[in-house]
Amino acid sequence: MSIQGLIKKTRVSLCQDCGICTGSCPVSRVLPSFSPRQMIGRLILSADLDMEEESLREEDIWSCLTCARCLERCPSKVEYLEFVRAVREEAFRIGNKTRYAHDGITQTLVQMQTAGMPQSKTAWAREAGRIQDEGEYFLFVGCLPYLDVVFRELGVSPLGSAGSMLKILNRLGIDPVVRNEERCCGHDMLWNGNVDLFKELAAFNIELIKRCGCKKVIFGCPEGYLTFKTYYPLYFGELDFEIIHFYDFISDKITNNAFNLSPVESTVTYHDPCRLGRMAGIYEAPRKIIASIPGMKLKEMERNRESSVCCGVSCWANCSSYSKQIQMDRIKEAKATGADTLITACPKCNIHFTCALSSSDIEMEVKDLTHVMASAMNI
Amino acid sequence: MNTELRIGVFICHCGINIAGVLDIKGLCEYAKALPNVVTAQANLFTCAETGTSAIKKAVKDNNLNRVVVAACTPRTHEPLFRASCKEAGINPFLFEMVNIREHCSWVHRHNKDAAQAKAGDLIRMAVAKAAFLEPIETFKSKVEPLTLVIGSGIAGMTSALALADQGFEVILIEKEENMGGLLRHLHKIAPANVAASELIEEKIAAIKKNKRIKYFTSAILEEVTGYVGNFSVRFSCGNDSYTCKVGVIIVATGGIPLRPEGLFNYDGKNVITQSELEIKLKKRDIEAKSIVMIQCAGARIPERNYCSRICCMVAIKNCLYLKDIIKDAKIFVLFRDIQAYGVENEALLLKAREAGVRFIRYRPDTPPVVENGKVKIYHPAMGKEIFLPADLVVLSTPIVAHDDAESISRILKVPINGNKFFLEAHAKLSPLDFAFNGIYLCGNARYPATVREATCQALGAASRACITLSHDTIERVGTVASVQEELCSTCFTCIKVCPYNVPYINERGRAEIEPMQCQGCGICVAECPAEAIEFKYISDKQIMAACEALLAS
Amino acid sequence: MSKDVLVIGGGIAGIQACLDLADQGITVYLLERLPSIGGKMAQLDKTFPTNDCSICIMGPKLFEVERHPNTHLLTYSEVEAVDGEAGNFMVKIKKKARYIDEDKCTACGLCAEKCPVIVPDQFNMGLGTRRAIYKYFPQGIPSVYTIDDSVCRVFQGKKCKICAKICEAEAIDYEQKDIVFELNVGAIIVATGFEVFDPSDIKSYGYGTIADVITALEFERLLNASGPTRGHLERPSSLNIKAEIKQTEKKIKKAKARLKSLEKKNQGSTDEARKTLAALDERLSGLKAKEAALGDVKDIAFVQCVGSRDLRYNAHCCSYGCMHSVKEAIVSTEHGSEIRSTIFFTDMRAYGKEFHEYFLRGGAEYGIQFVRGRVAEINQDDHGRPVIWCEDMDARKVKKLPFDLIVLATACVPSKGIEKLANIMGFDSDQSGFVKTDPNKPTTTSAKGIFVCGCANGPMDIPSSVSMASAAASMAAQTVKGLG
Amino acid sequence: MDNFEPLIAVFSCHYCSYAAADLAGSSRIQYPPNIRIIKVPCTGRVSVNHILMALEDGSDGVYVAGCLKGTCHFIRGNYKAEKRVQYVKDLLSEINIEPERVQMYFMSAAEGTKFANVALEMTEAIKKIGHSPLNKSRS
């Protein structure tokens, strides 16, 4: 769609030029030259002056973390995220790509997945617990297996979390479907502007889940959850299976200590991931889980829930000193609560904070909520 | 006055509010001993029915001719006690009140002796003053049930019709050949979305067929004398001169959009004003595909440092009509601050944005530059100067006062402000009145206003006028200054100092103060070097008496 | 048929409409929901652009309404039902019981001095306190007291009746009942005014969680000489600390007494009591240190468009917010020579007579800083000072600025009762919930014989309200004179 | 002379300072009992001679209390008063009487506290200056 068309469709034309977006933007705070408001101003103007091509060369469209913090506050209800996403799509078409992080390993891996070859990424699952090939529940594992390899040296264990998730489900008497054929959800491609690849992956996954006869798909990763819940229907219409986030799923079942959790004496703080919080509206489930663990005290950071800030990088692109600064600011904020542990609900947030901490002397542990839950269950 | 002074003093306990601190009995004894005091008595609550009837009884029994009440503040209770005096058959102004509650018992609770002494002093001062009180009569003056409305724009016509609808006669004078004012040239009115011409024709027709309204076009106001209820007006119409007597005057002389000579290459063809645009819109002769509007053209600049209130909305309104006519028109509005105040205006602004009108902010230090076919403007987001295509440039110029504003203000003796807009009596609470009684104000003559606002003010001015018109006579309490001619040395001091321009030199060459106009501040009394000005309400004698009584003799 | 007029709402608009009609010889009933007329204007400290003291210029009008032979005051009253049509309305009115004989009460205030029940003072926006028996505000008209039966001990079934004992005018009447009566009027003017938007809806501004973030109307009371701080500009946070100090001192007194008695009786150990006392003393010194550290208010921020021009809350502009803040910034300089104000705005709406000039003076003579940029969020720094995050659009960079006090220019929203009234009277409302009028007849509602003025019709400043009130009076007069 | 209690005359305008005094009262704000208010419609009514007479008649100090500048009910009465007060001060210094015995104050009807403070301030000031040489009855 033409930029001009997007400006109308995504309400960008209603921008009051008030600056509340830029004032809220975590990037603008560390990278003063970046301003959502001014970027919109430039895009509108160049579209008006028939210089769309030029506007698609705009560097800043890639600097945005798409964290939706501005979206929450825009008095004109401008659909900024949708605008950026669509503009990136156009930019990608004319070859204006973003700077990938980790020299594009993850992107390449994703690319590779589209080749028909079978993968073997269920070994961990067979060790960790009971799974099956067909059934009611599909457990969508996502990129955890690759991340486990890519970030091994950081000492994070995404697969560990995946295992815990499976164990907990088993504990609930659910033996979910986990499949080798499963492909990346396409989240990163979508936000990198590579929509064709995204569609390819999505079509594949939808087909697979249908094939397994699953009615419910459980996600541990906020990005996968959001992508399925919001963006698959956008391109493929209503899905005929239910999209469930793991934390929503279990938070209903933890009443009166159903998991007989053993005490964990510690003070923790919780970081709302953009995709899970602002974009999927899941704020309370993770808190409910934390609260259910005996002895664990939750101290909120000043910027929580709607006001939470991004972990500094999204979809493996544009990782820079600015990202680091955003991460350190957030970690300091976490430290200020007096907590000794920073709990995240997203494998990527987990990785980014751990990475940031590895090069700092701040005493703070970063843990994945599923992991925390599992250890309280002694599994 | 040579009749014997007989003063009655009434002291209020006000429950324990006063009695709790002051020894009322003692005060009564003290008061009794004061010169001219015939009786002094206490009441639990002087303001209660029992209290006021006690006063009336005492007046009768002791045939008092002065009453002093020592109680709370006169600001709330004086009217009540004056009324009691009246009922008791003595002039309400032969009454004096002493505040021994707010000014004594309540503020000196911990120092009863001093409070007691002070209360005594205050009563002594009041009694001394009472000796010099003089009866003050209220006088009446007839009201001419007729209104002069100056100006026949939407405001003037609305006022005239509103008054006629309430049954009052109106004389409407218009200096132009036709009635209708600014609206005659406009296209449509937002948000009503009616053609200005319709609105105007409708009103003009109504005025023409209304028997209560006499209208004169090409009429020039020449002289106004007199005061509220009783003005004599002279105006000329071509070669004939007319005089009439009216009770009130409504100023609805309007304003006019600035002609931006020498601004932004204004040429009236490719660079035009909003009003010129509206004429084009009426005729629908616009081909321009890209239009740039420039706000604050000649406003909010050192030589004209005010915001003309309506230009932003005029621009937005016209943007929407332009979009109706030319679907694919590119419209840029270059502005400093968009004045879309309230509900409807903000909604229209949103509508314009939805319609694709682009708003670009400029700062006064980097104003737009109009070159042929395009407009150069510093674009803050771009961080550089850019060129906007412009087949047509429209300048939003402010409403300015008419040239004759000054002469009218002189004729009516009402003030205008620095920008030559008429100056109301009070910016907050009397927006439609002049300090000078009997003259009212509405529409652009007051300050730029939308049609809706002007209509509102016009109805309001009519209402203010009706207050005078709905009485055959106006009463005025004589708490006013009056010149004793034989003493006047015609030094013009009073004329200089009066905040309301009331005093004037009469045909006998002496200063004269029209009681109907005097506001009773007493400024002239204090300044008159010949002590020729009398002020019965608070006379020098009274003040001196109070001063002399400051110390117990 | 009736030639009388009912004006609903005793704010400046209602008062003006009432006086215009009364002065024209028309009988007017002025109805007010609260115990006293005066409305929002009475709560203001000063008014722009003249800096007139609000109650000073309004006071005389209040008296006038009370004294005028053609006016009837119906305070503490509400409209229950309206029947009939233009020229002949039957209005059912409920006059709430004050439990005070208005004719006897002399407003001496002794009752309130002795009343044991202390509650937040609504007139002072909850910043001060009042008693269960109270006068709505010092200059209030009618000048009588009122018993708030929702808190008065007598009405909670407790023993008390202190006010009855103290009142020498014998004005207290616990047995008084609400009165419902009917009124026949020819025309009705709706002047019910507006409410202030509750900014706690906007989480990112921290109102309600950060003590020193307050609304503009609260700030007016803090500035006002007869306000809760007697016009001494104080932070709510320091007011809270002061309150805590008072409480702690009381507790210490008690603790000391207890210790004494224990020592007297020398039964059991006194260690416990000593400990508590010590703890309290420590707490007190801590609080005192905190209070000292706070110091005077120096830096004040004004945040514009809070809940206004915001499609999430109110699409409309509050019309007076910009000038209101400029005024408060100017006036606050009279409360401390070192006070500096910063106003964060998007468009400076100084569109009224002398407004732009006033705005310029604010910058040039009073050193107000104007920052173009809508405030994104308000946090607290390590010292608990509120901090503003916002893009300075002229400097084109994001700024983080701490202040002593942050004042929110909150939106103007329709008054709570207006929907009910609309249903009772059958007039339409506009997209924002204000009373809708005919674009060509500015005060005429969709219901014949019913007119509107002031902020009931939409956000507007005082002069506009006053002009419109006179306009509504004119229309009502036409109606009852049967000439309209 | 610590026990010297000065007598102070106050010319108070109906619209502002008199109302302020009322508010001081209803707010029960305590101040020295040394002042005696003479109410005038507007401070513009107070002539030079009134002020002089107040002194001549034995008050140790006199002050005129009008509306805040720019808010006079009669537009500019308080400015007139201010001028005259200055005029009186000049006269007094000519005849060697402390000009500080005469002052001009401006206050709004909402400033009960200010009214009380002014009364206190003036009383203290006059106490320092001492008896008026014109005060025959005392000293």
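Points worth noting:
When the chains are written out, they are named A, B, C and D in that same order, and each has its own residue count from 1.
Note that contacts are C-beta pairs under 8 Å (C-beta built on N, C-alpha and C of every residue); 3 or more make two chains touch, one makes a residue touch a chain.
Given the structure is predicted, the values throughout are model-derived calculations rather than measurements.
Centroid analysis (C-alpha atoms only) places A farthest from subunit C. Located most centrally within the structure is C, per distance between chain CA means and the overall CA mean.
Interface comparison, B-C against A-C: more C-beta pairs in contact at B-C. A straight line joining the Cα centres of subunit B and subunit C is 27 Å long. Inter-chain centre distance (subunit A to subunit C, centres taken as mean C-alpha positions): 46 Å. Centre-to-centre separation of subunit A and subunit B, using mean CA positions: 64 Å. A straight line joining the Cα centres of subunit B and subunit D is 31 Å long.
Counting partners per residue, subunit A has 17, 35, 37-38 as the residues that reach two or more other chains.
Counting partner chains per residue, subunit D shows two or more touched chains at residues 19, 26. Annotation for subunit C: residues 50, 52, 57, 309, 393, 396 touch two or more other chains.
Applying the touch definition to every pair of chains gives A-B, A-C, B-C, B-D, C-D.
If you check the complex, the residues on subunit C that touch subunit B are 12, 16, 20, 23-25, 47, 49-50, 52, 57-58, 61, 63, 67, 104, 106, 108, 110, 143, 167-169, 309, 315-317, 319, 347-357, 360, 393-394, 396, 430-432, 434, 439-443, 458-460, 462-464, 466-471, 473-475, 477-478, 481, 483-484. Interface residues of subunit B, counted against subunit C in their complex, comprise 14-17, 44-45, 47-48, 72, 75-76, 79, 162, 165-167, 189, 191-192, 194, 199, 300, 305-307, 309, 337-347, 350, 363, 380, 383, 417, 421, 426-432, 442, 446-447, 452-453, 455-464, 466-467, 470-471.
Put simply, subunit C touches subunit D in their complex at residues 45, 50-57, 59-60, 107, 109, 138-139, 224-226, 230-231.
On subunit B, the positions that touch subunit D within their shared complex are 73-75, 99, 101-104, 106-111, 114-115, 117-118, 121-122, 125, 435, 479, 497, 499-500, 519-523, 525-527, 535, 537-538, 540, 543-544, 546-548, 550-552. Across the interface of their complex, subunit B is touched by residues 8, 13-15, 17, 35, 37-42, 44-45, 48-49 of subunit A.
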